[in-house]
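One chain, chain A, links the two complexes that follow: it is found with chain B in the first and with chain C in the second.
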Partner chain A sequence: MSPRVKAGATMVWLTVGYQPVSLFSLKRSDATSMAGRSNLVPTPYAIKMALLRVLLEREGYGRRDRWEAWLRPQFEWIRGLTVYVLPPERLVVNRNGYTLRYYDQVLDKQDKGRKTLPMQSGFVFREWVFLEGNLQICVGPSDRAEVLAGLFAEINYFGKRGCFFQFLPEAIRYTAEPSFVMGGEAGFMVQPWDDLGPSATFGRINPFSGEKAQVGRDRVIGTGLLPLRLRSTGAKYDVYERY
Partner chain B sequence: MVHGLVIPKRFNTYADVFGALGVALVVEEALRRSQQQVDSQLVDRGSGFGLVFNRAIDVAAIAHLPPGNPNPFPPVQGGKTNVAKLPLDLVSAFDVVAQTERRKVYREYRNQQRLATDRPEEMPEPPDARTQNGVILTAMRHDSNHNNLWLGAWELREHYGLLVAELIRAFSQEPPLSHEAAIAQVVDRLQSAGCAVPPPASAVKVYLPTTVQGVNRAKADTNKVEPQKIDWLSLWLIAAGLFQLGLAERVKVAERGYDWRVVALIPKDIAWQTYQQVWAKLRQVNLPGAGYGVARFDAELILRFCQELLDHHPAKANRGEVAGFRGRRRRGKPLNDFVTGFSGTHFNSKGQVYGVKEVFSLGLPGWIAPVDYAEVVAYQELVNEHLAVVRSLSVEAGEGELLASYRDFIASGSLRAFFGFQVSYADYVVRQLADPKARPPRLFSVEGLNLMSKADDDFLKIVQDPSFLRVAKAINQSTVYAGKVRIAEGQVIELDWLRQYGLAQRLSTQSGSKTEFLSAIADFLARYEAENLRIAEQLQREGRTLRRVWPTKADLDGLVRLVSEHDHGLVANLLIAYGYARWTKAREGDAEDAIAVEEADGDE
Partner chain C sequence: MERVEGKVASGLAGVNVVLRFTDASVPSVPLQQWLSGVEPEPVWVSLQDGGGVRVMPVLPRATGYGALLQQVQAQVGLETAVSWLGRLYTVAGVEVDRCPLRVIQVPVESEASLPPTVGRALHGQCFRWLAAADPDLAVGLHGQESMPLTVTLIRAKSGEQWLRVGLLRSDLLAPLLWGMSGDLGGMITLAGVNCRLGRFVQLVEARRFEELMAVPVQRELQLRLFTPTSFKLDGYVQPFLLPELVFENLRRRWNGVAPAELAIGPVVWEGLTAAFELKTRALRMEGGSEIGASGWVRYCFPDEEQARLATILAHFAFFAGVGRKTAMGMGQARLM
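What follows is the complex of A and B.
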């Protein structure tokens, strides 16, 4: 265990904890909307986007006069963070099929003059993950760990909207080294580990901007090795346990 | 010199398994061509599948192999497949139409063999294990994708040795490269050597089910549907694994509705040769029935696979080892120690096209763990018994929930999941027994339940207790063997004692509380005793004695002790399981035994 260090010290790692209070779902980046296999835990990309959302909601309005000058260093600071995630002790993945109404691209192309968005009905596949225990996130290194802790405290969901997590103030730790890392030991579970690319800009990842985001440049998809073992499986569920 | 490979997992679907199997197939063929006698073991290392060789392989010898067809699978040719690009004068395609006919003839023969008393003349040749894999490719219009992947490798035949050697080098690095990095390294080195590696290909849903057509964007700025692509080499390896070692079956899901279910067998620690043998036999001659719904297909798949794997279990050899399994320490290990289970995808028919309805996995029973030959035989009988129960149920007869419940139990790997099914099945058993027109239900035997209980010490302590056994027998005699019972040839006799209905449900609902459960049992025993007294008195007048188990106060005390020492829910569940089981052995002239005889004859 790394010794406890002062939050104001240079380049500190911050560990925070969350208690999941609803089911979690976050579509894997290699899956399409029709077969939305879920990640088991939030990815660094999702965590950084949650940090960014909280930062913008808290300070964005007040900084609108010098928006670009303020946002750029903030974005780069968050973008440069390294994120490790420790899953809870147990996870249960529930598999479901739904009938949804979704955008009909073919019909839209056939009739450009339509005034309404054409929709079609069909079934989609989704997964919901029940997390038993607390989720831990270790981020750093940063010289603004206390600011970071303040942002984490305001996050109440990761992944799909409504996947709520309760921040645990007593779980905050500042350490000189990461309190845990994600290694390549045998028996680990693999999931896509999406992160912001080193050259990503806010404009490119902002859904409201016209700039194009590119996989491999703005969103980098690595390999996440989670210390999880598949304990049991059935047609409708998977049960994982942490090592 | 290379001692083993690690093929990292990437997709968390059956594509990971098929990709690893594709590598194993390519490497196996290269070792054969380079005349290297090497056995290999498939091992699941969590983050990847390992292929461990029993001796180091010479990669340089493989690199210098003469030109040859790198494809470990043939191209497919359906009725409408465009084969203009294929060099059919040099290689033969997998004729889906002809193979389907062959399969039909074989299945027809099997059906006749089961129904007719006199056997038809000569047994036709069993079908190719890959027949349905060819059919699904043509049915889903993926035959051209499959053939293009084949053709891409065919174009590389001049560089066969280099292709395989680079694959081995990429997947044998220490520390292991990620899947993407390994593939990129192979492509890079092939291109450096002047090979034209095919470009990324369409990531069709049969290979990568989560990339089925839909929205996939780097950011949520539009809901535009774009085609998904993936590198050719990964897709080629997946295609090889799927065609050669996948199991595809068209499963009936409605009156006129058929869906496709495709599964891969996930290796855990098993010899490559054994993996192929066991799996090929199941796919060729022991296929699960596909005409009775998805749950029955899954349950039969697991049970039939257990049959095949038990045939190869190391415990089958009294001394020495069965080829393909490492060491004597493997005796007594559960089946899911060799193979994790199945990973699959359910493709739902939407008229002309198929959509991905479900990405699923199924486990194997962890409680089947024979230690010697006698136990292998006993477990085989047990699996046959379970198979008979499953085959007696049908979705069309409204037994879909029972089948789904059984599937959940057998796929979970856990013995405790059995009870959820058994409570519903107990009700079904009594309902069937009470209906004079219904088929007699299949019952689990007490011997089989004893064998299952061996896997858990808690279970053993309970089921060996004499009080437990007497109370369970009393339940049996007031439910299964009571009221009107059917004897052989459709005759029905009425026994003196009445059948109790809803007892399993009552005990199950009261099992949440120790006090309520004991009071339910006490209530049942009181009624049972009152009936015994009434009948005994009547028989006494006729000079006969009552041949029925008669639990005493000591038995009730024994049960109270069991409930206080163990989980009362477990005791209740075991009582239901044993209470609704088949207890008897055949004895002439005994009506009770006649039930067992008819049950044995009543199999499909």
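What follows is the complex of A and C.
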């Protein structure tokens, strides 16, 4: 912890670090088909969902008696965070195409009386990102930075399940200002930057509820400027380096 | 990362827009209209450097890039595709170019073989391009003792030819490309021969002075001289590449263009010529032949500090050239 900033006393920013330990993939929020390009780094939406997941896994069961009363302020607190992401020093995007069997939701909706899940096989396209170096996430401002640090410590993947990240306890920092913000002076790569909308509710983003999330209201897609430079590219790969 | 509007520092050589091919059916605008409202309106030049599709909005003077960068940042967030040379792209990124040292080249197809005196014609053509964008700059450069620009014609064995320009100042790229842009893909005349310029500008290399100051030290340095190289010594021409002539020439040129804090103080060069394979050649100019040596030469610097400085200057030689008349094709060099 920074000697000048005491977490918990005032509104502070928390910076945490992760070492990527597997390939990363997170389909871009503007993708409309199975052929999905990947975001280069986790977006605020993915990070907040990861925070929410560990919070629910840790405390949700014990709070089931007063579920609504407990969940609402927790969700709003996480929803209101501002998130900055500093990519690692080097990223390599691999574009892969392969065939697999996957859930056919169209067929499932057409025939609700089916007793088995309809599956289909087909060609899918995925981008997998190799992250070389550590990923840093700066969130805030918050008066619960230490609680946040505890949640971040329990996160072990972002994006697609299995995209593992190792939390780095020694990288925790509390600061009065964000430890990094992105300006456009050095150049940048553009990434869709999806986040929870200011009026999003847990019910709407919960895939198990009947409510539906709306893009533009519950999930807002902005423009992220990552401090990266495209070093080389080809049909099957992109190589980026951080400025 | 969220956009943060900030002060744009000076020293911008250019702004490159990185494009990503898209086949999505989304609204598009021609790239030329993408930055509407920028004055003067930029011309768009395609760049080739092996790293994706890059296009540079070129202004006549580099001083306008601060405002242009802000305009680019404002436009990036809009969900619009751009059309460029018949294809549809999205803007994938923006590169802010602050490299004062740079080598660019453009393919040249000539209707007949270019004469040996083409160096002066290339020099004149570059100055016409600079003058078209900024006449005062062109006049000022003409009067300079040490030219921050090198020009040569590169000929490959395959018959391909490139007009290669080395720039030593960040404010020269914009006016050069602005003037050149009207001729890209079109015809120009060099030494009386009709030539077609390529449609793309190739970025061969770009570096900052600070980067060269940090290169790993080499005690042995081997320079390859692609074109005749010589020095003026007491009013006479010296074609042999003595180490003190080579590195003192480079040191003077470095100090002429590098930031004051990176200047290299006086050096009594004590380098040794370790090996060489040089041959004198005459380069015909309009005023007569100029003699110089081409081939390779290897130097050795026993002193650690001199080796460090010589290594920096040897890297610098690729951009600045060595010796006399580098703006007319002589002294083109590269550290091997």
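Following the convention adopted for this analysis, the second predicted complex is superposed on the first by the 217 of 243 C-alpha atoms of A that agree within 3 Å, B and C clash if a C-alpha of one lies under 4 Å from a C-alpha of the other, contacts with A are read in each partner's own complex, and residues count from 1 in each chain.
As a convention for this text, contacts are C-beta pairs under 8 Å (C-beta built on N, C-alpha and C of every residue); 3 or more make two chains touch, one makes a residue touch a chain.
No experiment lies behind these values; they were computed from the predicted model shown.
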Partners on chain A (chain B, chain C) - clash or fit: clash
First (chain B), second (chain C), both or neither touched by A:P141: neither
First, second, both or neither for A:V85, with chain B first and chain C second: second
Which partner reaches more residues of chain A (counting touched residues only), chain B or chain C: B
Which superposed partner A:Y103 touches (first chain B, second chain C, both, neither): first
Touched partner set for A:R95, first chain B, second chain C, both or neither: first
Contacts of A:G222 with chain B and chain C, given as first, second, both or neither: both
Which of chain B and chain C A:G203 touches, first, second, both or neither: neither
Contacts of A:V181 with chain B and chain C, given as first, second, both or neither: second
Chain B versus chain C as contact partner of A:G133, first or second or both or neither: neither
Touching partner for A:S232 - first (chain B), second (chain C), both, neither: both
When the two complexes are fitted on chain A, the stretch of chain C hitting chain B, from 1-9, 19-27 or 289-297: 19-27
Touching both chain B and chain C, residues of chain A: 184, 186-190, 222-223, 225, 229-230, 232-233, 238
Partner chain A, residues of chain B touching it in the complex: 8-13, 45-48, 175-176, 178-180, 205, 209-221, 223-225, 228, 294-295, 298, 340-341, 348, 350, 355-363, 407-408, 411-414
In the complex with chain A, residue positions of chain C that touch it: 1-9, 18, 50-52, 69-70, 72-73, 76-77, 90-96
Chain B-facing residues of chain A, complex: 28-37, 95, 97, 102-103, 105, 122-125, 184, 186-191, 204-208, 213-215, 218-219, 222-223, 225, 229-230, 232-236, 238
Footprint of chain C on chain A - complex, ascending: 82, 84-85, 181-190, 193, 222-233, 238
